[in-house]
Each structure stands twice: as C-alpha cells, then as structure tokens.
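Per-chain residue numbering starts at 1, and chain names A, B, C and D are given in the order in which the chains are listed.
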Amino acid sequence: MSAREFNLDEIRKDFPILAQQVHGRALVFLDSAASAQKPRAVIEAMTHVMEAQYANVHRGLHWMSERTSDAYEAARDKVAAFLNARAREEIVFTRNATESINLVAYTYARTALRPGDAVVVSQMEHHANLVPWQILRDAHGVELRIAKITDAGEIDWESLESCFADGKVKLLACTHMSNVLGSYTPAERLAAFAHARGARILLDGCQAIVHRAVDVQAIDADFYVFSGHKLYGPTGIGVLYAKRELLDAMPPFMAGGEMIESVSYERATWAPPPHRFEAGTPAIIETIGLGAAIDYVRAIGFEAIAAHERALTEHGLKMLAGIEGVRVLGAAQDRGGVLSFTMPDAHAHDIATLLDRQGIAVRAGHHCAEPLMGRMGVSATARASFALYTTREEVDALGEGLLRIRRIFR
Amino acid sequence: MSAREFNLDEIRKDFPILAQQVHGRALVFLDSAASAQKPRAVIEAMTHVMEAQYANVHRGLHWMSERTSDAYEAARDKVAAFLNARAREEIVFTRNATESINLVAYTYARTALRPGDAVVVSQMEHHANLVPWQILRDAHGVELRIAKITDAGEIDWESLESCFADGKVKLLACTHMSNVLGSYTPAERLAAFAHARGARILLDGCQAIVHRAVDVQAIDADFYVFSGHKLYGPTGIGVLYAKRELLDAMPPFMAGGEMIESVSYERATWAPPPHRFEAGTPAIIETIGLGAAIDYVRAIGFEAIAAHERALTEHGLKMLAGIEGVRVLGAAQDRGGVLSFTMPDAHAHDIATLLDRQGIAVRAGHHCAEPLMGRMGVSATARASFALYTTREEVDALGEGLLRIRRIFR
Amino acid sequence: MMSAAEELYQALIMERSKAPRFGGRPALFDAQGHGENAMCGDKVQVFWRRGGAVRHEAQGCAIMAASADLMAQAVAGKTPAQVAALRAAFDEMVASGEENPALGDLNALAGVARFRSRIRCARLPWVALDEALKEGQVHG
Amino acid sequence: MMSAAEELYQALIMERSKAPRFGGRPALFDAQGHGENAMCGDKVQVFWRRGGAVRHEAQGCAIMAASADLMAQAVAGKTPAQVAALRAAFDEMVASGEENPALGDLNALAGVARFRSRIRCARLPWVALDEALKEGQVHG
C-alpha cells in the first residue's frame, strides 16, 4: 500500500463538510470519535452504486446483481486484507460494532460458555462491551467480572490476574482503545494472557482501528469488532472478525434469506460463514462505501495518520495543561487522539454549548461509558477527539474557546 | 399529500440507473421485488447528510449533532405518518425486515409466549418469516404450525381455522403480499381473526408496502415490518412497527449505547421505546434516505402507483398467457405486480441468463421461499416484478425475450 | 463581544448556579422528588414543604442548577395547582424563547430555547418538583 | 442473429440436456454422490462404478444437465486421479472461457465463463462426482 503524501490541505478538501459554517463560524469538528466525517471517495462510491450499478446481491443471475454482488464481496476482501485476516470468510458484516458484540454474546457465548463460566471486561468499556455481557450473565448464568484500570487509565494487571485466578474465565472482552481516556491496550499481550489461561479474547476496535494498522493475526485476536462510521465510512455497516473455527461452530444469530443452505416447512440448515451470520438483504450500499473508506485510509497510510494524530495529541495535551483548572482524564503511556477533560465550575454540558457557539463541536456527557465516569470520580466530561483531517489550528481554537469559558465561569 | 401527476417519462428520469445499458442493451429492470432502484431524491438526501450535516445522533450538544438528530427523528415521524401509527414511539428502526422479525421473535415471543403456545405462519412465507419461528420453536418450546394456502395462492381459511382450533395459538405471522405469487392477504380480516382467538398478528409488509397505502390502525396490526430498500430507499434500514403497549413490555434485543437509561458495572436499566431497541449508532444516513423515499412515494401517491402497477400486471398476465407452455404461479383475486412463471424445458436459471443477455433483469430460483416451491410443485421459477418506474414496453420486451427462449428450447 | 451563548450564561444564571439561595437539604420536608439526565449525569433532588417552601440539591450544569434555584424562588408559597400553571408557562417559554412577564426572574432562562439539547437541563428541576408534589398528594 | 447467450445454449448443450446419453440410475454402482444448488434447486445424483462408468440423474437447468452428461462421457474409463486432473482442467476452462483441447466435447461449456453465476451450474456434477469418488475410495 503506497502511502500518498500527507498533505493536510489536500486531505481537508476531500471532506466536503469541513467547509461548512456553524453559527456563522468555520466548523471545527472535534467529535470524530463519536462518528467521523466522510471523504468524497466514500460518498461517490455510494452514489455510484445507486446511480449505475445496483440490485440485490447473491440472488440474481443478471448483470446488475452479479456486479453488485462482486462489489459487495470485494469489500469483504478489503476488510480481510485491512485486518490481515487469514481468510475472507472470517469477516462478517453487521450494522455496527454494537451488533458485532451482541452477535458474539448471543451465539458464541451462549453455546461455548456454560453456567458457572466467567467473562471479564475492563473498567473502561463502552456500554456496547459491557451491557451485552450483563444480559448474558442474567440469561445464561455466567459470571461477569470487572478488571480494574489504574488511575492513569491502563489495564491493572494485578486485578486482571485475580479475575482469572480461579480458572473460570472463558472470555476476555476488552477495548483496544478507550473512547474516553484515549488509552490503547496492549492487545497482543492481553491475547497471550487470555490464551495462556484457556480463555478467548474479543477486542473492541472501534477507536483503535481508526488510528493504527491492526493485524488480527499478529494480535492473535479471536474476535475483533469495529464500526464503519468511525472509520470515515457510512453508517449502517459494522464488522465482526472471528477466527474461522469459531465461526464454523457458532449457530446463527438472526434467520432469514441468504443465511440458509436449505429450508423446508419443518427445518432449515445453515449456510457456512460468513453468510450464516448475514440474514436478509445486507447493507449493500454501505458495505461498498466501507470498502471505499478503507481504500482511502490505506492510500494515506497509517504511518502518516498516526504521526499526524500523535503530534495533535501532544499539542492538545500541552494546550490543556496550560489552562488553569482543566483536568485531563487518563495518562496512559500509549494514548491516542481522544482528550476528555473537566473544568472547575463549568459542567461538561456548559462547555459543549459554549464551544458550539464558537463553531467548535466537542462531545459532553458520559460517552456511553457511565460506570467509567464513577471510576474516574467525575459525572461527565467534555471530550475533544481528533481525526486525520484535524488541524493544529483547530486545537488552538479549542484552547481559545476554553479560555473564554473560563472567563464566563470565573 | 397532494399527488403529483403520474408522468412515467418524468418518473423514469428521477431514477438515474434506468438510463444504463447492460450488454449493450437498454436496461429492463424487472427485479424490483428483490430490491428497487433509487430516485435522485434519495441519493441526494444521503449525499446531503454526508456533505453538509453529519454527526452522530442523540449524543452531541453541538449543531451538527442536533441537526442530524432532528433529521433522523424526522424520518421516524415520516414513517409513523406513512403507516398511520398512533405514535412515533411505535416505530423502531432496524437493518431490514429480517431483523424486524427476528427482533420480535427474540424479545416479544420469548417473553409473551410460553412453552406449549403455538405460532402460525402461512405456506407462502419468505424464509425471513419462517426460519426465525423455527428457531424460536427449537429454543423456546413453542409449536410452529403452517396454515395452508389454496392452489390459487390465497389463505386457506379452513386450514387456518384448524390451526387455531385448540386455542394454543398466540401469534399469527403472515405475509401481507407474497413475493412469489403476488397475492395480497386480507390483513384486516386476518387481524380480526387472530384477535378474536386471543392471538397477536405480525404482518410481513415487505412487498405490500411498496404498492399500496398501509394503515396499521385500520388493519389493527400488532406488528408490521418492512425494508427500506424495496421502497426505493437505501439498504441497511428497515422498520418494525409495534403497538406501544407491546414495545413497552418487551425486553431489549441488542444492548449498547443509546438503548439504556443508566448503566453501572453491575446492571443497566432500559430506555423507553423506540430507543430501547436501537442499540449503538443507528443507520443515520440510511434512515434519512428512507425518509426521502417515503416523501417521494407519497408525492406520487399510492392511488396512481397502484393503478399503474395494476395495468402492468394485467398486461403482463395477458402477455404470459399468450406464450405457449408458460405457467404462472398463483391466481389470487387480489394480486400485485409480481409474476412468477415456469416454461417447459427451460429451467428458471436458463430463462434468467438468456433474458439478461437481452438486457432484461428477472430473478430465478426459489425467491427465499423454498418450501413454497414444493407446495406449488416446482423447484424454481423465473420472476418478473414491477415498480412504479416499469413501462408497458418493458413488459413487452419480456414477452419477446421469452419467445426467443422458446425458440432455443424448442 | 457578547454572543448568544454568553448572553445565556448571563449574570443571573451564573450567580444562582454558583451561589444558590435555595440550595441544601432542609431538616424538615414533606415530600421529595428526583430528576436525572442519564445523558450527562445531571442530578437534582427537590424538597417540598407543605405551604410551598422548596429547596434543592442540584449537581450538574449551570443551566440546570440555576433553573433549580430560580424555580425554588418562583414557587415559594404557591399551591400545587399554581405550580403546575407556572411549569406550563416555563416549559412554553424555554421552548419558544419568548419571555413571559408572569415568570419573573425565570425569564433569565429564555435563551435556552436556542440551545435545544439544553432545554431538558432547564426543565429537569421541574420534573423533580412534579414528583415531589405527587408524593406530597399521596401522603397528604 | 446469434448472441453470446444463444451460442452458449448451442446445439450440443441443448441436445445433451434434453436427451442425455448417460442419464438414469444404473442397476449396479459402487458409489454415489450428490450435488445441490440451494439457490435454484438444481439437483444431481452421480453414480460411479469401479472401472469408471458414470451415470447421472440431473434435475435442473440446461447447463447443469448438459455438464453432467458431458462429464459422464468424458470420465468414462478414467481412474480417480485422471478424473481429478480433468476436473481441474474443466474448472479452469469454465472460469477462463479458454477451450482446452484435452477437454474434447466439454469445451462446449466454455461460454459459461461469461455468465459468472452459472459457473457453479456447470461445476455441480463434478462436485457430485467428487463425492462419489471419495465414497468409492473409503469403501474400496
């Protein structure tokens, strides 16, 4: 994958929305961790499907259907290559990471785990990687254990050890990068740790996938999930990677067209993976859009993206450190471009509202990680998050905005 | 809703893909029942979101997020008005009709039905409305009963009576229009029938919704499902309508962000419907696209659409009757623009391949209704299906194509 | 320069959110109500005394906290029916942005109308008060 | 006018699908294999006799049926290893569209390459034969 030169001006032109104004100010979009903006290449790929080459997939023998099926399946190849999966059959398309995790909880966990087994998650999970396991616990009689994190926002290995001590843990479900603290977790080490103790590992790659090259074989991940919309792709499309032998053994999740081998009034037999897990008409246009997003990101290259975002993050941390009273949550050694912070007196909502009026979009609240708020001793934070199109000037604008807010709340 | 004049030439210009050529011939797309083509209004609505007004919904306090949330929720209002639902909260967004049915099977049926209760489906269901109930049967110990259809492809009321005779049936899940036989089912009568016997009714409106105005209150439907992509909308978006009191009592299906009220490490409480059933980042762009599709269809008006399609269907039936040996499946009194047929010697696949080379797209196979094939005594059929953009000339082209095929197979 | 946002966070709101006049849990009360915004973690407890004295404990954003304090001031001595009428007028005012002379100091929150996501912050204390009044009626 | 599609459905295919020379279930056979295309309902049974006599029962489209009959003809008297080589050449031919002199009459199916969804119709009888040969080996 040859990296195109990292020219921020050119990159920003790829994203039509970045030229928009908000409240009469140039948009400063610092909420990409919630969902990223879309480059023209993605928009055009989707438009092309709808204008020139569309029909339902897998079902038709005619030209439009064959070509659309090709494009849909080519996106699967792109995702497989992007994650360095062993085989394309290891890639299942879902709506979003949330569905990917629920799929694993409904199918894998309800067959491979038995009452009395345990699942471990960390203290810094998004609700999507916590609540499905609570439901599994209540429905299926497994135990749910919470591994602690340190005050810096890193995995507390002692706590993790003790979660695993009695040998009951069969699955570790852990984020690969926190959407609140920005911490990366050491995925390879976590996988080796789990495997050495007879457990499987699911990694929530929603945030990590956006900023770094991910190699599921190098990590030795059993399950890896992410959403298209955070990776500059469309909404409505997510990915579940799972090792082939796991998918082979998993019963279907939803049932309907495409996922069957044959059906009588009495019973059905299942298609092999990945189709077994893709019931009904898939998100055809969106899957093809995701393929375009992956092409876009790979053309720029993760080396350049990571370097750019690292510089922004350092700059942002320095800027925040310079504003009296601002507290940044988390201080992981290995952290990405997500900065959650609080200010004295000014509640996160007030910060977000006041920044918005200056054209600056940040997120405020618990970021779908409500228990983590308690763990960090706050009720809500403001969060600025960076993407490949974020500029140093935007980070500076945030700083100026925060200084104004300080003046109001002083 | 004021109907714009039904001008077929103008309408065809709204669909850019219809100007495409296939194998050097003008595209004759007669596979809309599998998935319909998209009007410019839908493409532009989606493009507009991505180019001018995009952020994650419900989560942000900033302008982009507020406006995107508004557009997303406005689509819910449009769907509610389109179905004449009592309240917007009765509209749940899913990926497709398949997910809508699975959601009901996983949540409603597993709590409201008890082992020993029975579910009835008809002999002419799409796999999406058969296999989820087989899985429910096997997992939950309910009985699955198959109500017969007549040779004409209509509900066999005697058979339905006998399915309900022992009073065990708690749910009737039935298509509102067969995707193979084109038969409409009398939804109001079916609902009254089920309700009089203490059962709920789910209607699979995938096909019906495209051709007729549907009023869930007039029908008194308990559940009504459809997919956006057959209604000239995007892929990746489907709808579940359910009566508010049913949704209120249903546990969530998938868990994650947006569907919770509050979360601790130990437990979560659920948001009220519809959000309880929309875990994670929804298909934002696609939902807004569906709203545009509904606007488009309503602007033309179902009276005009239905009249146009009725004329096409009559013309098509006459044309097929004129070709020696062609057998059309089903002869329901009330039928829509879906014509499944067989020809002597020429297998459905051969028909589809040979028509494709003439630029004519039809579908061949079991149409995800494999058991129905056996019921009708065929292994596969070719199927031509009509949309609001289909012309009489296209139906004639199909007739000529079939005559050529007859010559080859003679 | 005074932007719309800064107008919203005008003196009265800042003052009341920082130094509430009706804050704190009273020793005696007849009913209490609770309001919570799951999205941001805002929380408010409202304590009601027969006769209409209201106090609050507000933890959250400036708008919610000021709204709680201004509400306590406005409803002092009012009957439940009068409170309901005031709440209706308040809901209307924060939705429309149009000040209403009957609302007195509560009009300081009119600017919230332009910040749609924040309307529920302003309304949260009223939700809690409503709960308290319902409890008060059951017990009374 | 003879289109690509009509070329595909050329005389040999039509003839063999309508009047197969190797059709029908034999009285004696050593192994059988089954092929099914769930998508369209095509079905084929292949019966194998040690020594290499193959017969078939094909229910389905013209391409599959002709492929079954031409396959039975082509593999007559061949060893399993020779059959495997022939299958590989056939798979290659229907994928590429390039005729291969070693395939004889099977080349009538070269046109399938242009109809990608139909390639599996042409291959289905070979899948069934493969199953039969595997059964034959286990039993032999």
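We adopt the following convention: a residue touches a chain if its C-beta (ideal position, glycine included) is under 8 Å from a C-beta of that chain, and two chains touch if they have at least 3 such contacts.
Just so we're clear, the structure is a prediction, and the values are computed from it rather than from any experiment.
> Comparing the two chain pairs, does A-D have more C-beta contacts than A-C, or is it the other way round?
Here the pair linked by more C-beta pairs in contact is A-C.
> Can you compute the centre-to-centre distance for chain B and chain D, using the mean CA position of each chain? Integer Å is fine.
Taking the mean C-alpha position of each chain, the two centres sit 38 Å apart.
> Can you work out the whole-Å distance between the CA centroids of chain A and chain D?
Inter-chain centre distance comes to 47 Å.
> Need the CA-centroid distance for the pair chain A / chain B, whole Å please.
31
> Quick check on chain A: which residues sit in contact with 2+ other chains?
Residues 59-61, 65, 260, 262, 349, 353, 356, 364-365, 370 of chain A touch two or more partner chains.
> So which bits of chain D are touching at least two other chains?
Residue numbers touching two or more other chains: 38-39, 115, 117-118.
> Please give all chain pairs that are in touch with each other.
Pairs satisfying the touch definition: A-B, A-C, A-D, B-C, B-D.
> State the interface residues of chain C toward chain A in the complex, per the touch definition above.
3-6, 8-9, 14, 18, 38-43, 59-63, 115, 117-118, 121
> Provide the residue numbers of chain A that touch chain B in the complex, in ascending order.
For chain A paired with chain B, touching residues are 16-17, 20, 22-23, 27, 29, 31, 34-35, 37-38, 42-43, 46-47, 50-56, 59-65, 95-99, 101-102, 123, 126-128, 130-132, 134-135, 146, 227, 229, 234-238, 252-258, 260, 262-268, 279-286, 349, 352-353, 355-356, 360-365, 368, 370-371, 374.
> What part of chain A is in contact with chain D in the complex they form?
58-61, 65-66, 260-262, 271
> Which residues, counting only chain B, touch chain D once they are in their complex?
Its residues touching chain D are 23, 345-350, 353-354, 356-358, 364-366, 370, 373, 379-380, 408-409.
> Quick one: in the complex, what on chain D touches chain A?
For this pair, the touching residues of chain D are 36, 38-39, 115-118.
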